[in-house]
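Sending over a structure as structure tokens; questions will come in a sec.
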Amino acid sequence: MEKKTVTRAGMNRRTFLKVSGAAGLGVASATFGVPSLLRAAPKTIKIGSIQPVTGPLAVIGQGSRLGNQLAIDYINANGGINSMGGAKLELVLGDSESKPEVGRQEADRLINEGAVVLVGPFQSGVAMAIATLAEQRQVPFVMDVAALDAITQKGYEHVFRVFITAGGLVAGALKYYKTVTEAAGVHPKRAVVTNTADPFGKGMSGGFLKMLKGSGLPVEVVERIQYPLGIQDLSAEVARIKAAKPDIIFPISRIGDSVILLRELYKQRVDLMGIFGPGSPGWYEPEFVKDMDKLAFYSMTNVPWINPESPSYQRGNAAFLKASGKNLDTNSAYAYTGALVIADALERAGSTKTKDILKSLRETNYADHPVVGGAIKFNDKGDNTGALTALVQIQPDPDLLKRVRIVLPKDFAQSENIIFPAPQLWER
Amino acid sequence: MALLEINKLTKAFGGLTAVDGLSFEIAGGEILGLIGPNGAGKTTVFNCISGFLPPDSGDVTFEGRSMVQRQPFSICKRGLARTFQIVKPFPAISVLDNVMVGALLREPSVSIAQAEALNIIDFMGLKKMTRQEARGLPLPLRKRLELARALATKPKLLLLDEVMAGLNPTEVDELIGLIREINDQGVSIFMIEHVMRGVMALSQRVIVINYGQKIAEGLPCDVVLDNAVIEAYLGKEFISAQCT
Amino acid sequence: MNRLHLLLVLILAVLSGLPLVLSKYTLGIFIMIFYYAYLGQSWNVLTGYTGHISLGHALYIGIGAYTSVFLAQHYGLSPWVGMFAGGILASLVALILGFLGFRFGLRGVYFVILTIAFAEITRLVVSHIEVLGSFSGIFLDFDPSFRNFQFRGNIPYYYIALTMMVLSLAAVRLIEISKLGRFMVAIREDEDAAQALGVNTFKYNMIAIAISAFMTALGGCFYANYIFYLHPDSLFGMGLSIELILRPIVGGMGTLFGPILGSFILTPLSEVSRAYFSKGGLEGMHLILYGIITILVVLFMPKGIIVYVRQWLKPLIPERKGDD
Amino acid sequence: MLNVRDINVFYGDMQALRGISLEVKKGEVVSVIGSNGAGKSTLLRAISGILRARNGTISFNDRNITNAHSAGIVAAGISHVPEGRQVFPNMTVKENLEMGAQFPHMKKAATATIEEVYSFFPRLKERLGQNAGTLSGGEQQMLAMGRGLMSLPQLMMLDEPSLGLAPLLVSTIFEIIEKINQLGTSILLIEQNVFQSLKISHRGYVLENGTIALSGTGEALLENPHIRKTYLGL
Amino acid sequence: MGMDSTLAVQLLIQGVLLGGVYGLIAIGLSLIFGVMGIINFAHGQMMVMGMYISYWIFVLLGIDPYISLVAVAAAIFILGWLIQYTVVNRILDYPEAMQVLPLVSIGLILENAALMLWGPDHRSPQTALGLDSMWVGPIMVDTSRLIAFVLAIIITFLIFIFLKKSNLGKCIRAASDNRTGAVLVGIDVDRIYNMSFAIGAATTGAAGCLLVPLLPISPHIGHDFTLTAFIVVILGGMGNLLGALVGGVILGVAE
């Protein structure tokens, strides 16, 4: 935290200077939309980034914004867009405040400021509002993170998704669960599924339950527990979990409730073979790993994840660590990826015309990215056919940053050793 | 038949019986005064008649219809209007708009209601303040406004709760004239008043209550000589009675 | 027609012409200005004129949005019709709320809590109804056509929002000069005195809340077909309820032009501060500024900015005679 | 000891007091009479610092207390027993009395003062554990006066102490006022019971429309034809 | 004991224990409302400030939240004083609708100040007793909850005694009972209002400390706690302090 504050303060000053410089005329002209002359001269190409940098999702939004930014910095440092005479990229910033209407309005502002492509915005609801706007304004929109299947089901021409769909996420979860249990030769009989009752949590758990039922695996879901996002107490829920006597828990949770859930499981001494997150943002976040320490060990999560061996990751992570004191994680890495994909498309398009960018986005075949998965290609809906999830397990290591390890798929694995069943929480 | 009949009206607050089996009536065209010490239950009588308080028992009959359990607005619609002891003007709107609220009760057309309101404002001597916000008026004028508003509802019976309190003698005399004129137009009047000057000048009959019970009733000049009244209200030394 | 009317016509003419010169983004800001002015005006009918404070007006926006979208998705009903269905439903819900509040004489803080409770309960209920998308919310299909209340560009939305704002202004003006409006103001000023003058306060309270809810719900339909995404938390949440009352309060409650003025000040202000202070390292600064400015306005201009504007405009308003 | 010079008090734009001057000397009972709304209560509020005087001066024991903080005025030795009593309804009688002693020297004397108050008003002693809200009007008036005494005032200002009381009680209250005065406290009294109050007053002022219309000794005022006509109804 | 009854008892205990803390949060709200008739819409955000300060003390100095509680309460007391002095005192005579807005804005300012000061992360330090639990047969009693509950009861009791017995407490009661009367006996009512708001703030700050071991802190959770405190206060009766505690327990069990 301390390190971060320093960086923050540094940024403060810079931004402050910039802002005070731009004050006065700048404020008035840009806001009230005096047609921008800059658009005519493609010395810089503007990319609009809309992320939830304030409000409940600020932690993710700020990381994602930085991911977008660092990818662009990287391209610029390497000569910009060569096909357009080394034109530099510029990220113009928007804050969705986690509200759809604000996201839409911000996207519109960024388009007005000259953004030729949009990237963002983590939340599916905001993504939907921006997607429709992008379609209305005919500006390409690359979603870095946003999993809900429905967004790409509308048949929009201008919308692409780098992230995996919720359906893909669920399929990955089941596949890995099967691999883990079969390899260990242990088959949990009773399971509890918990999920936050938000679009993501409900969609994920619904899909997972359905797929689990059809899988023929010898596991029965004896309890499904839903609770609102942002809950502050899970003791009653965990008491119910304990009463259900599960062998395994499939939590679909965010960082806040993950912490509460894990502590309650410990305090109430719930007997478990393990914790397996089918798609659980939270269980691998650095704050979580640090604060939970031993309690976090051996939990497994299926997640679209970074590929630590890739050169792109190593480059991106170094920059990210320097700027924020944190490692690239799923969201920031995908944000990094999203901006890289855009740069690649611009490079091949050699033009900032929507038509050309769209054509080149559709022809994307981009492998030099920092995440687990194949080369990024978009199908006719705009979804990334190369997207893949990984199974990560938190394993003991004195170095906090080395605890989260990929265990599956084998091609990307950092650790051959999958620990399952795990020792009980209070016996570590 | 009397215009208003009060029959064994009783109202208690907690252990305190504010009005205790009170009966009296008001004839059409009459001016009746109600006097008694502070806390004797006078305002409670008004509140029970005008529907702001439900009586515990007893009946209030106006033109042969029971008013008990009716809402204040519906009692007002029947033709029984009141003023409040602590005046309740609509502070942020003009005198005209204040009076128009009353006028609109009987007159659906806003423009006709406005004309009527202006007439009443003129009659009450508030013409200069027509466009002024009510909250800016001094107390005597607010009292007049209160009366003007009630008058605008075209009542058959007006209940006046201490409209003369706080007025100087000249103003009291003016108001006496106005009330008499209102009465001459056929409006019956039932008034609570401490200003004996007003009570004596206007009332055709006076009721005196104390502890919620009637202790005297009759012509003003008879009532003030009544021993019970002197003891309870006017004071033993009647000459120096509480006549402010 | 006096000079003030002339000024209004002039402003309206300028606003009508703006789409010819402004960018789509700036039109977007104006749409939000009109939208929030409209909502503020709708809230003003209840709270500004009748004096009952509602902190749960998001409820009616949500009902309007969900009803029109539900009818469009499941019965193919045009939102142009569906919005009125939403309005009627919102009025019915408001009448239930009003019945509880007015029949039992809840005033001030207690009425506020009742309105919050209604909105929160509805939010929770909608969050559990599958056909309404439950927690996930509803994604609208983008199918631009006049019938569907959906358009490719901002210009149609601009004119719709402008029309809604102007109509709400006209409606409130009509109310203001009618018997209804005068009775509403009387209730606001002193409910007992109004009763004593024969005003059926319960009836007029109910009328006021029904009108207010109806108008607000129409705004919800507009929102749905402009944003294309409905979510119970953002549509029934207290955040929106508060957002909606900011503008009339800053502009001037219980006045005709207060909500509009407030929206013309606050909406661009939040836009500008977000655009210029939400950059790296300063996340959150714009909301702090927004907070400080609203506090300052309330502390130093408690009657709303409209009071000051009125003073500037005084030369334009003809003196009224005492006895016209 | 109390000296009011030419004060003007406004409510918003409305002038309530116009150039009022009056004086209370040590050991005196002074009455201010006048019709409702004449500005009597306003005068007391201005003296006790609840309202601001726009101009003019108020001095007490030769100290300027114009627009001083009301707590300072209590500390200086003026206590104001307001119209409508203004007791603390959810506190007990004893607590109400204790609240009257806000400053150290008052607190030090509080136990003794409470006994003194009980001797004036034995009824209060019977009800010392009862919440003030449950007292009758007369008892509340006694409590308000008792609370006023707790601040060991040199000057006690009483606003309509007999308002709404049964005649018998009215006499009692006036007797107690006289007793308090005899024990050395000056009294500034506002009353609508003009006769009784002038009878116990050394001097009196008549307030009409925010100005002093008349002043003089209690007896002289009782004989004044204007007073007899307007305020005594003779 | 059967399984269902074990579960029921377990839930009941958990609920009662948490309810104590809810009660403590609500007491501040109730006090402020009782004395000034103001609903503090920034209440939850003030609590979050308390949580952050407690967290900060823990991370920088290693002092457990249960111990830093006094310092945190003092800090939030000052914050409350400032809020009252700069804003709330000026809006006491405003119509209710106008009172809502500044307090909501203060909440917004505090929330975003926390965001700027501490960043958006969820923070959940591992305190000494954070994971402790005690067992009574099959029933688990969460130590941090128990401590929180006991401290909440003690603080509530202290406030109650303070209001009942101390001179300042009596002045607060007097000012809330009858403002004019309080002014007339020489109470500096403005100061009393400052005190009341500050004490109300301090209790919510203390409640925040008790919650640090139980749940992760992030800048935006304040609003939910404002709502929680609201519900508790309504259950317990506006302005009724002991009612707030009872309401807290009711809500804790109901959840």
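As written, the chains take the letters A, B, C, D and E, and residue 1 is the first residue of each chain.
By definition in this document, a residue touches a chain if its C-beta (ideal position, glycine included) is under 8 Å from a C-beta of that chain, and two chains touch if they have at least 3 such contacts.
All of these numbers come straight from a predicted model, not from anything done at the bench.
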{"item": "Partner chains shared by chain B and chain E (touch criterion as defined above)", "value": "C, D"}
{"item": "Most remote chain, CA-based centroid, reference being chain C", "value": "D"}
{"item": "Two chains joined by the most C-beta pairs in contact, as defined above", "value": "A-C"}
{"item": "Distance between the centres, which are taken as Cα means, of chain D and chain C, whole angstrom", "value": "52"}
{"item": "Whole-Å separation of chain centres (CA-atom averages), chain A against chain C", "value": "36"}
{"item": "Chain D-chain E separation of Cα centroids, rounded to whole Å", "value": "43"}
{"item": "Centroid spacing, where centroids are CA-atom means, of chain A and chain B in whole angstrom", "value": "75"}
{"item": "Numbers and ranges of chain E residues touching at least 2 other chains", "value": "112, 115, 120, 219"}
{"item": "Chain C, residues touching no fewer than two other chains", "value": "282-284, 287"}
{"item": "In contact (per the touch rule at the top): chain pairs", "value": "A-C, A-E, B-C, B-D, C-E, D-E"}
{"item": "Touch list for chain D against partner chain E, complex", "value": "48, 50, 69-71, 73-75, 79-82, 86-91, 95, 98-100, 102-103, 147, 150-151"}
{"item": "For the chain E and chain A complex, residues of the former touching the latter", "value": "3-4, 6-7, 10-11, 14-15, 18, 59, 112, 115, 118-126, 130-133, 140, 142, 145, 211, 214-216, 218-221, 224-225, 255"}
{"item": "Residues on chain E engaged by chain C in the complex (per definition of touch)", "value": "33, 37, 39, 87, 90-91, 94, 96-98, 100-102, 104-106, 108-109, 111-113, 115-116, 120, 219, 223, 227, 230, 234, 238"}
{"item": "Partner chain E, residues of chain A touching it in the complex", "value": "1, 4-5, 8, 54-56, 58-59, 61-62, 230, 232-233, 235-236, 239-240, 242-243, 255-256, 259-260, 263, 266-269, 285, 287-288, 291-293, 295"}
{"item": "Complex interface listing, chain D residues touching chain B", "value": "12-14, 33, 35-38, 136-137, 163-167, 192-196, 208-209, 229-234"}
